[in-house]
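Two complexes are shown next, each including chain A; its partner changes from chain B in the first to chain C in the second.
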Partner chain A sequence: MIHLFSSASDNGSHLQVLIPVMLICTALVLHLIYYWRPRICPYIATGIISLSFISALILLVKVIHSPNGYLEYFAGHSWSGQRYLASGQPIGIVVRTDLFGALIAALVTGLGTLASIYSKHYIPHTIKTSNIGYYYCLLVLMIAGMAGICLTGDCFNFYVFLEVASISSYGLVAMPQTKQSLEAAFKYMVVGALGSILLVFGIVLLFSATGTLNMAYAAQQVHKIVTAPPGNPLHNFRHLVFASLGMFIIGLSVKSAFFPAHAWLADAHPAAPSSISALLSGLMVKSTGVFLFIRFLFTVFGLHKHEYGMLLAPLLMIIAVITILGGSVFAIAQNDIKRMLAYSTVAQMGYILMGVSLISPAGLEGAILHIFNHALMKSLLFMSAGALIYKTGIRDIREMSRIGYRMPVTMVCFTVAAMSMIGIPPLNGFMSKWALAKAALDANLPMLVVVLLISSLLNAVYYFRVVGTAFFGRAQQHEEIPHADIIRNNHGHSLLQNSYGYYSLADKDRPNENEQELPWGMLMPLIILAAAILFFGVKVGILREIIRPAVQVLWR
Partner chain B sequence: MIARFDYIAAVILFSIGLYALVVKPNLIKKLIGLNIIETSVYLFLIASGDVRLGIYTNQWAASNVIDNPQRAVQGLEPMINPIPSALVLTAIVVSVCVTAIALSVVVKLYQHYGTLDAREIASLKG
Partner chain C sequence: MNNSLIVKVVSQKMVPFIIMLGASIILHGAATPGGGFQGGVVIGAAYILFALGIDAKTARLRLPVIKVKIVESAGVLIYAFTGLGGILLGSNFLANKIVLFPPQGEPGGLFGGGTLIPITIGVGIHVACTVASLYYAFVEYEGEPKPDKETE
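Here is the complex of A and B:
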């Protein structure tokens, strides 16, 4: 057995495999534990996710200190112990973690920990009690899938992890079982399945062209095929490579909600429970979308090395600009706070695509920095919006007047994240926007800076609307929200379905207004995230020191 | 061109599935369309490992004689590439999962709305 599986001896760490494996194994027994002891289920989920966070941090440190900038773990080899064929093709599945992957894996597990802490108090008020076991099971599975995507180095392996993450998220979006969440889940599912199947198509074409599923080896083969002169037999394969690249771009654009395919995001993210919205907006569209976008475009297809990169760059740039402006304009039109945040996510995905489309190390650095920063900001925004809904049941921005005085800590955290989103200097959102703007100037494209500025102004319009209403809005008579039907959860709380179709606690079961504004379990993740936003804004150098070598590894 | 009729069949199936997914209002029919699309991709996947498509298969067969590298040099009789078949098995499991969860959501939607018509189930706008 040891012969078959242990390959961590020279350059690799067992943690690369252990992180997804321990999460998946725990997820499988978690809902059984819920039947046995409902109370300890949330603690076990939080414990295992935080354990994986610690492992991911250790892995990140190991990767930073590795000589090549990546770790390779060989899962399986030949009977004689041989790992490579004569041609240099690896035999088994190679789990290859580079700096970029390790950084995003740490981000995924870290935010997952906070979301599961937040869930403990939030979730019993949102879904039926009998479903809580399944909720934690799917939550852990989703994080396992997203972490697995970041750690793997094999095309099909990433597809399996992507489906683990996607299918669990379909279930999580549908879990409140309201009209809205079911409808959103159906749309999300159909579009997501279509995106995944296009990715399989891309993988097949890549496999046909290169004869391998290993990303690093496929990259070498792609380089040989694309640079082969006419007349060389390899030259005939270039069409397969181009078709595969096209499939990957379309499939991953769907998954990361770039412009023509953004509609599912605006439905699915607001309809999910807020803890899940935070993970979907903060991590899901990144790890299954933009992360793989960068991984395939740069590591496998070598966009920076070949001439098709120059052809694709303007196309991606146009999509990015439309996504940025379209997302921001749609966000202004929303009255539902979570829907507004979802459209804001669409706009921010455009920022990241803009950084990628510059095809320069500086642009890629800005894009990765923005992936990291946006994950922190948007998770905080969704979690504090969820806290507002938990405490007051208000989703409509127009009804939020002076809510900041009832829930000061929550709204201050929201304001910090909103200001970071707009790009106020000491906060981390400014740092990544600055990096993107500088990269655009370096690439001699000042128009993109103008787009960034316009988008920041639009951000200011819709975020200050919320902050302004919450702190300085006119006190208004709070009118009773008409509700369609009442269901009762097993805690004995009545859940009202308001005119927007979302459940909230009935007035009599709402926490007393005089008591502490939120349970500590819900406040803690908010405060930690707000502190992280400030910290990574002031000490952006720490991130840059990781991201710069990460980009060098991608750029090789 | 005729020799690659399996690829053409895959493309036709893909178009049929996409048509059903986009045009049909019935949610179940949409799901059937999705499944047809998935089937077409699996057909393509299986076909890409076929014996007759000499070059990939020979390359693979030659390079995959692990324990006896000498045989690889001699060039072997062509064989079916087993990797696509293995991938299809995994992908089928995934599509079964998606179909199952989608059908259960459809059941719940029917309980809420009393219809499967996508035009009537459209409360999310903007």
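Here is the complex of A and C:
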């Protein structure tokens, strides 16, 4: 039992591989379990994801106490064997988890646990009964992929996990099988595949330049190539390195929905079931997008060490500013609540990119803090919006007047997250915006602070619109939606089609109409997330204690 | 489908030979070009030939979808448990040359790969079943019963 937690001969832990392996194994059995015992399927999914959460927390503690700030695990090696070639190149796949990766892995599995708890009541009303087994299978696979990305230290290994996560998310977006979700899933798949192809191309170029797939060793080689003087044979490889860097930047920009590649996000995230929207917006664009962006730009390509960092910084900054302002302005124009939240995600990705583009430890700290905080806030927003849709069938913000009196707990949770998103002091959104603004001032770029303030104002415009309508809106009678076609969905419930083409359950078929609030299983994740937002706002020091050394490891 | 006797008989008679070719590619995966994926595709193609020769419904009776799914998952589990065997025997994940089964042979020989043999078998099984279930998915697609009245 002892060697389950630490591998005997390395500075590593078996948990680094066990977390993805146990999730993938369970996922592949889950849809078979659903075939015979549909009742226990959600419990098994929740159980295995929470087990991986506990493992990720243990791993995080181990990484914090490790002397170097990272753990290295040599997969496929026995007790005593050669670990490195004479040139210092590691043999085989090295699973290397640093503090940044361990933190995001804990976040991924933690939010995954909450989403799967939330799914138990929510999902049977959204997708076909025969697909529920596949839903849990894909959910667990997606979390396995995202956790694997965070834990690995090998270029091709991360690509495999990225595809595991992406392909399961395409399936999950298509799950409701309405016209919108199928169309959105197809768009998402095409754009996502484009991003993936660019990433493979980048990996190929990096491999041909450096001769290795190990990130840490590739970083050393890149450093040698870039600093080689003209005349040195290594000098000729620098074009390959630059091309590879370009491929990674473009591919990961597509994956993390930076302007101008943001359009797929605004379709895919609203069309998915709400539990999945929460994971896509909260985690997917971060672990497959911004996380890898930071990992490659800093760990592998050493943007802070080389002159091309100084060339790229203004470009990234311009993209960040356009993404921030564009996302916020588009969000104001939306009437569909989930679409509004999706555009808000685009704007927030711009904040993170802005922190990265400062190329300073403080900026990176702010960016990582915002990755963490935004994941909590946006998951809560999507889950509570999903709860509104589940209970009332209303997606349009204009029809939401006085909904706060019908579902007080849900709307209070929504309000907490919205306030945090705007940046009201005791909540965690303020803390990361503060860190970003301070980093921008340190870098002597006050215009970025102005952009942050304008964007916060725009955030306030569209979030207070929802909160204001929900609590203080004019009381209006519930009118029949004009031109609503009453049709039957797969469960035989009547569906109303509103003017946006989305379907909602007709009054008589809404689940538990007598009960005003949500079932306890759906309410619990909302309350936990709202508490976490408050906690990490007040006790931001805990996060800083982890993030500061994480940035130091990235900055080496 | 046309009931051509020649097609029917030849496709049935070819199946065992194609499966043997696939199995050979899988088992020699550690030593020669090819491996689990390639051999698995060959075996899956044998199934498709079999199902095209007779009609899809009869083929489905011979090999129900749920059985395909069970074997498919089992393939992955073989891989994963081979890896976990390394940890249970006190070494790292997927460690080779420490597991007592399969017998350790000469490098380059049939058993020279050590734990690669169960791994390629697992991959082969999984890929064969995936190809078969892809065939099911395409043949049996009947369009979605969508709650959609709009005509666009």
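In this section, the second predicted complex is superposed on the first by the 521 of 556 C-alpha atoms of A that agree within 3 Å, B and C clash if a C-alpha of one lies under 4 Å from a C-alpha of the other, contacts with A are read in each partner's own complex, and residues count from 1 in each chain.
As a convention for this text, contacts are C-beta pairs under 8 Å (C-beta built on N, C-alpha and C of every residue); 3 or more make two chains touch, one makes a residue touch a chain.
The structure displayed is predicted, hence computed values, not measured ones.
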| item | value |
| --- | --- |
| Of chain B and chain C, the chain that contacts the larger number of chain A residues | B |
| First, second, both or neither for A:441, with chain B first and chain C second | neither |
| Partner chain in contact with A:179 - chain B first, chain C second, else both or neither | both |
| Touched partner set for A:40, first chain B, second chain C, both or neither | neither |
| First, second, both or neither for A:24, with chain B first and chain C second | second |
| Touching partner for A:318 - first (chain B), second (chain C), both, neither | neither |
| Partner chain in contact with A:32 - chain B first, chain C second, else both or neither | second |
| Chain B versus chain C as contact partner of A:160, first or second or both or neither | first |
| On chain A, the residue positions that both chain B and chain C contact, one per complex | 78-79, 177, 179, 501 |
| Parts of chain C lying in touch with chain A, wherever the complex brings them together | 66, 69-70, 72-73, 76-77, 80, 83-84, 86-87, 90-98, 144-150 |
| Chain A - residues contacting chain B, complex | 78-80, 82, 85-87, 89, 91, 156, 159-160, 163, 167, 170-171, 174, 177, 179-180, 182-187, 189-190, 193-194, 196-197, 200-201, 203-204, 207-208, 211, 213, 233, 266-267, 271, 330, 333-334, 339, 501 |
| Chain B residues touching chain A - in the complex, by the definition given at the top | 21, 27, 30-31, 34, 37-38, 41, 44-45, 48, 55-56, 59-60, 63-64, 66-67, 69, 72, 83-84, 87, 90-91, 94-95, 97-98, 101-102, 105-106, 108-109, 112-113, 121-124, 126 |
| Chain A - residues contacting chain C, complex | 3-4, 7-8, 10, 12, 14, 17-18, 21, 24-25, 28-29, 31-32, 35, 73-79, 177-179, 485, 487-490, 495, 501, 503 |
